[in-house]
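Two complexes, one shared chain (subunit A), two partners (subunit B, subunit C).
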Partner chain A sequence: MSISQDSRYAYAVGRIRVLENKLLDKTKMQRLQNAKSVDEALLVLSETDYADLVAKAPNPYDIDAITTEEIKRVYLLIRELLPKEALADLFLIKYDIHNLKVLLKAHYQKKDFDYLLVDAGLVPAETIKSVLKNDQLPSIPKEYYEGVKAAKAAYEERQDPKVIDEVLDRTQTAMVADMASKGGHEFYRRLLAAQVDLVNLKSLARVKRLGRGRAFLDDSLLPGGTLAPSFFTPLYGSDWAQLVQAFSLTPYKAVVEQGVAAYLESGQLTTLEKLADNFQMTMLREAKMFALGPEPIIAYVMAKENEVRNIRIIMIGKKNGVATAEIAERLRESYV
Partner chain B sequence: MVSWFGIEAGMGLAILGAALAVFLGGIGSSIGVGIAGQMASGVVTEDPEKFGKLLLLQALPGTQGIYGFLVGFWVILKVGLLGGDPATITIDQGFQLFAACLPIAFSGLISGIWQGKVSAAAMGIVAKRPEASGKALILPAMVETYAILGLLASILLITGIRI
Partner chain C sequence: MNLRINPTRMELLRLKKRVRVAKRGHKLLKDKRDELMKRFMALIRDVKNMRLTVEKRLMEAYRSFLVARAVMSPEVLEEAIMFPTQQVEISIKEVRMMSIIAPVFTLQQEGAMYSYGLASSSSDLDAALDTFSAVLPLLVELASVERSLDLLAEEIEKTRRRVNALEYVLIPNLEKTVKSIAMKLSEQERAAITRLMKIKDVVRAK
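Moving on, here comes the complex of A and B:
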């Protein structure tokens, strides 16, 4: 009987269950959306869990700083809750990869992109910077080191900054999937596989829409999903109806059907992208059914990431005077 | 009286039964209370006001240990170990007492663990929907049924054994 496996997480789950209550629910999000100005929206935020951050922020209008701070707080909490687990690391890898991309591009374009660095990853941004500068690659995790080497080689061959993204995205997917399966986080692995599928679906739709060519699509497809890249490539040449048909036996049937219908009507892929994100959120909600175990913790972190993304969409929209209806169009479903 | 390796076998079996009832029930309860206690600590860390309701839920898986102890104690009384004047227990009676202890020993062990898990899950209800706390109490209490049935069977059996 596996008593220990799930009950290891009992304390963490207890805390998460209370913290979930503090996630912004539909009503609060609605109020935030309906705010007439940035100031009013900030006032709404001050009534939520973000109150402290808004009050303490040197510049409350800098929503990126506030939300980054919140995300960091969540990761620190997960570290504290599960000190012996690599679970928090799974979420941090993407920030390191982002920093690596930024720094490599800055290196090749001889520009300073330091303001784009995010200091939330496993390795401090400064360390990554000095490591890359002094070419001391072996002092960062092996996978990063190999990713950077591959990215450099690819760039020098093709002289296109996009290949840096492609190579490092692959590094990220492979690394996260590997860690998730090693840690026995089956739920997270399933979420990731679906995420890769949906990213590939979005790439396919985008490349088709822009008519960028099949080679371009081949480069952007990621491995590691439930659908192999070879499922997507032949669809480049087919028409949209055939694409819908091809997905009719996958779990993404509804996403593709509605997304493509909206595209054919409006010429925009925003609906498809939104439906893809909502699909993931629906999967994430399964975590509510797990009483004990790592699932609620994983779901909380992802719900927070989603919430922060929504807050950014709203606040940046408000700042730029985007109409409320248009903002609402872009928002993703929330976890609670 | 049968003696194995110089040990009085009947009395030995009776004591073994009593010991099993106490320690298996105790293991079930300690694991159950342990799981529920960890979850309760997590909830209280974030929301100390819920302590009262959680305490009740944490205590629920604790009963199996008490039932086990009760049965063990009953056997000790029955064989007269407590008064300093132990009865003579034949090997037949010893086996009977031993077997009579098994229902609570095993139902206590298993139901204690599972009740702990259900209690922890129910604490999630208290954390998220305090208004449904009453319902949260009923769910782990269902598991209690089977510990009680085990206790009942053990006590009926012990009472029925003639010494």
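Moving on, here comes the complex of A and C:
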């Protein structure tokens, strides 16, 4: 991307650099984590950028509402900063895909699950709902339309709701990758490829742990990563040591080594999932080196999504009396 | 308390028979109560262990579910599990045990448990479902055993009341009545002899 093109982002990057300073750093996360109760944690949260939301929330204990509001605020900000760019759209597709999954599953069960719809995507949830209800698929983006058609065909053939998720997850990955390519967001494409690899790695470990068979793994693997699905499939039959060996020449060597060691010790894949997220966070930090361009903006949104998840882990843990050490085990690294 | 019965020899014989039957019944009921207690005590130890195991496993399941709930947003979590494919059926059979009819629940699980895609869900959800699925047969078995225990306790209480009624009310009352009839009959006998002797004296004096 040329400097003249990058300069389109100058104002946005300036604003983002200021906002980055308001992200919760390790110290603030530590304080939140060490709070003795939910009330104390809310007090700590009130000293941060979340103060307004905590104060205005009808129920400050409803941390989901607060975090959802915060993330919506971030997407709105990106749209406001870059009105001519579709950068925020990259992060909104997942909400439409979620709504499509909910509506398709509700359709096949003949039940109403409207309360699960999230109105934060590119297309309003109501529009998607009426389009699906009236079978006017061509009036939503082509990729969604094709995704829904493929998901319906797959479900009708196999009568397994899992395939709806799998087909639509593939649609989402392909659509986001395509948008990132068209927008020239190389940094995001690299991030996405790593994300796909890590999702496939986690799927491989989960299917191995559950002993669900190679076909289950094949269905779960997403294309579009730096490692082809064919890299993962043969590893289903191998033991954990061979799996670690297979990843030794990939960038995910440390994630796999430590994640598998933790799994063999505890029987849980929590550490592997955390390490995978931390790996992405390390990649995300490269954005700090870019003076101009979309990278700092992308990194900020993803850092905020990570922060919101960490806050949710802490608050839900506090609410349910989970020990601080146990909460710490699950917290992802912060961007700042 | 004496029973309101005519003090006749016939009644005496009938009451003596009732005392014998009551004593035999009392012994049988006492044996039944002891056997019920024995079974109850054995079962209660099993139930205690079973309940501890089930509670521990449920705690694990809820903890995994809590973590999954923290890592995934509530809508995504619920979307993942909104379309279950596993069918669970519970059939009930009845088993007769020491005059009680105890239910035996049999659980049948059919179909795949993981009805969601892996890309947008967390491994903690798998772990939670795994544990919930493993604990379900134990939970059903516990329900069956606890119900048997309830019925056994009710039966013990009922038998204990019967044993006590026989031991402290019916048998003493019957025995008291038998005794009083016997006394009345001997009194009548003595009166009859005296009367005869008196008549004999009168006849002799003439």
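Simple rule for what comes next: the second predicted complex is superposed on the first by the 333 of 336 C-alpha atoms of A that agree within 3 Å, B and C clash if a C-alpha of one lies under 4 Å from a C-alpha of the other, contacts with A are read in each partner's own complex, and residues count from 1 in each chain.
Methods note: a contact is a pair of C-beta atoms (placed from the backbone, for glycine too) under 8 Å apart; a residue touches a chain by one contact, two chains touch by 3 or more.
The structure displayed is predicted, hence computed values, not measured ones.
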Identify whether subunit B and subunit C fit side by side or clash on subunit A in the overlaid structures. fit
Examine A:Ala12 and indicate which partner it touches, taking first as subunit B and second as subunit C; both and neither are also allowed. first
Have a look at where A:Val118 lands relative to subunit B and subunit C in the superposition and call it first, second, both or neither. second
Where does A:Pro251 make contact in the superposed view: on subunit B (first), on subunit C (second), on both, or on neither? neither
Counting touched residues of subunit A, say whether subunit B or subunit C comes out ahead. C
Anyone got the angle at subunit A's C-alpha centre between subunit B and subunit C, nearest 10 degrees? 160
Which partner does A:Asn21 reach: the first (subunit B), the second (subunit C), both, or neither? first
Output check: A:Ala205 vs subunit B and subunit C. Expected answer is one of first, second, both, neither. What do you get? second
Going by the contact rule set out at the top, does A:Gly184 touch subunit B (first), subunit C (second), both, or neither? neither
Superposed arrangement (fit on chain A Cα atoms) - minimum subunit B/subunit C Cα distance in Å: 30
Going through subunit A, the residues touched by subunit B and also by subunit C turn out to be none
Which bits of subunit B are touching subunit A when the two form their complex? 31, 34-36, 38-47, 113, 116-118, 120-121, 123-124, 127-128
Contact set on subunit A toward subunit B in their complex: 1, 3, 6-7, 10-21, 291-292
Which of the residues in subunit A come into contact with subunit C in the complex? 64, 68, 98, 101-102, 105-106, 108-109, 113, 116-118, 160-162, 164-166, 168-169, 199, 202-203, 205-207, 209-210, 212, 220, 222, 268-270, 272-273, 309, 312-313, 316-317, 320, 322, 330
Contact residues on subunit C for subunit A in the complex? 63, 66-67, 69-71, 73-76, 78-80, 82-83, 85, 112, 114-120, 122-124, 126-127, 130
